[in-house]
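One chain, chain A, links the two complexes that follow: it is found with chain B in the first and with chain C in the second.
== the complex of A and B ==
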């Protein structure tokens, strides 16, 4: 660890730098949006219009798409850092490792939120989904988006400059993300079908996992950043 | 700088004795499981696989908790001994988890009528298995010793969160798997005393087998570490 405590200012600075970079070269976002859109279209073709509209199916495909999108965006973000060695400059700053991890998590959450909103809107329009509890659906969506980046950024940090990184990131991240994926899928399905208690229960689980992995990540992941 | 003069782990001193003692204990446990323990009134003879299945489950948890503790040890002290313990326990843990899944599948066929079902306990155990395969893969693809040990240690700490999920999945989610009968949240074990004793002996025997394998694997890993450091200097 760098010794100097990380401040919120540094985290926001790293996140803003990340978001500006994404705005200047939105290749990660474009790939993620294309991928999620394609998956929603494929879903209705593969399952047929009736089955695709079922809350469990629609929410499962949506969250699988978002998890893959989060992985794509994060990998692209770290690739960009490695291509021009910008990561070394951030790490060299006092409190830079912690700020890098937390800032990346924050920025990736924003980008994944954009992808989730676009994919959600596309799903609702194309599949003509009925939403019984819109407020609950937004809550599940927001918590799901927040719960994914701590783990995906962790997997990217652990595989920096490692052979076969592209294959290794999903192998490391997806098993850890199973509880979050399950909670987000079940929570969204409950919100679509009108089960408020289940939607709130799964939201609580999502919030707990987001908190656990964010705290764990901020505590020990910076040690692995080189 | 890497510390190379760590005091030896007790397992290493006991190493020559562990394998014979483990084999003797396993022989006693096998005899009790096959001939001494009574037949189950509901499941018949097929239930006897629990004397393999439950110890394997216990050891998969134990092995990954040891990975967690050794990972904390490495992150705290940077002593290679802890890294050797972590990788050794992870390898033995993956082996036992694989056997745990296979044993469960063999029991499931006559009991549930299928080799595999999408039950939460089965799925979460498989996820744990894949997670630690990923841990070993990460280690095998990293070349630098310090970097590999640190990154694996971070993953070893994070991955331990999955163990309570696996154990409690039968309670949290709708599961057809039997509820915990030994490590229960409330009250003691619900097994018949003879079956309980047989299971206890087998748990001890399998734990000794785990320690014997761990000791041998650590011996190899420590030799490998010394070789790497000699080549470097």
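== the complex of A and C ==
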């Protein structure tokens, strides 16, 4: 029942619906917070205090944790949609498929941002990280968070009715996310060590990734949702 | 086609304003036909033509767990651009005390009532109901009959899949039977 253009209002409605449901049953958020927290803690133990504080190492572990968190939150979100066929009520409406995709991307970016802030704070405190360029770090963090959901949501949509979705989503999404992971890691490491030009360069790349995959998702999703 | 299996073969169904009933054995493709009409199942051949945006209420509630009945219905009406009195509709369906509980904490019958309250909050020229009597108690069946009669009075086209409730036959403008993927007048 697509065909009508999706409006910003419909996208915001879907995002609010998602955030309300997540607020009431924050199982995806709780799982993601626990996972990222444990990963940061284990990293500090496994690498030892000296190595774990290195900007490249701390950034890499942080972003790997955030990528997994985004995957967890998104899968839980679509599990909820599939229970009682709730998703059908949305995608049967004009503009529903596009709004579902874009709304999910928006809402999951918000949830992942919460996870990233918590994991980032934990990393800074636990590892006693020095931050040379805090503003640049926030910029890289924000764009890194925004760059992940377009791909993860798309992978969930493509595997929506597949029984092995839990296994397929990482297989589909993670290889595509390697460039985003590299850009976010390099950008964060540059911000931590004081290389402003590199941090801004990687930020631009993250913004481009977010835009390209969001447009790609909006193009593919109307035909891909079953 | 569903899971690479042909479900509907040359099925032709034309339903105008009034009540149309669709019956058929389990697995005959009734749900698939409704889902195809609303665009949830792609057609490999043929075409569908539906006036406006139909309201499809499936045999599962289609409400998001984690949201209340009121939030679900408000979202769906808002998505259609309709300002509906959701609270009044849910009250009429006997959910005054349950409308602000997450739908996952409602009984199956209450979830079904909440789903059917969409008949009042989402006006549509075409209404597709898949086994709407399932999980309903006697009071809710009366409410559903009244809601369907209200829709018919508003000249809406109601296509209903139901195995039972043969008393509806008298009110039906058209009756269809689906067998082996082919729709025939009953």
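Here, the second predicted complex is superposed on the first by the 225 of 226 C-alpha atoms of A that agree within 3 Å, B and C clash if a C-alpha of one lies under 4 Å from a C-alpha of the other, contacts with A are read in each partner's own complex, and residues count from 1 in each chain.
Methods note: a residue touches a chain if its C-beta (ideal position, glycine included) is under 8 Å from a C-beta of that chain, and two chains touch if they have at least 3 such contacts.
Note that this is a predicted model, so its numbers are computed, not measured.
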Partner chain(s) touched by A:171 [first = chain B, second = chain C, both, neither]: first
Touched partner set for A:80, first chain B, second chain C, both or neither: second
Partner chain(s) touched by A:158 [first = chain B, second = chain C, both, neither]: first
Contacts of A:51 with chain B and chain C, given as first, second, both or neither: neither
Which of chain B and chain C A:179 touches, first, second, both or neither: first
Partner chain in contact with A:88 - chain B first, chain C second, else both or neither: second
Touched partner set for A:20, first chain B, second chain C, both or neither: second
On chain A, positions contacted by chain B and by chain C: 226
Contact footprint of chain C on chain A as seen in their complex: 1-2, 10, 13-14, 16-17, 20-22, 24-25, 80-81, 83-86, 88-94, 96, 99, 226
Residues of chain B that touch chain A when the two form their complex: 75, 123-124, 127-128, 130-131, 133-134, 137-138, 141-142, 147, 150-151, 154-155, 157-159, 161-162, 165
Residues on chain A engaged by chain B in the complex (per definition of touch): 154, 157-159, 162-164, 168, 171-172, 175-176, 178-179, 212-213, 216-217, 220-221, 223-224, 226
Chain C residues within the chain A interface of the complex: 35, 38-40, 42, 53-54, 56, 58, 60-67, 71, 75-76, 78-80, 102-104, 111
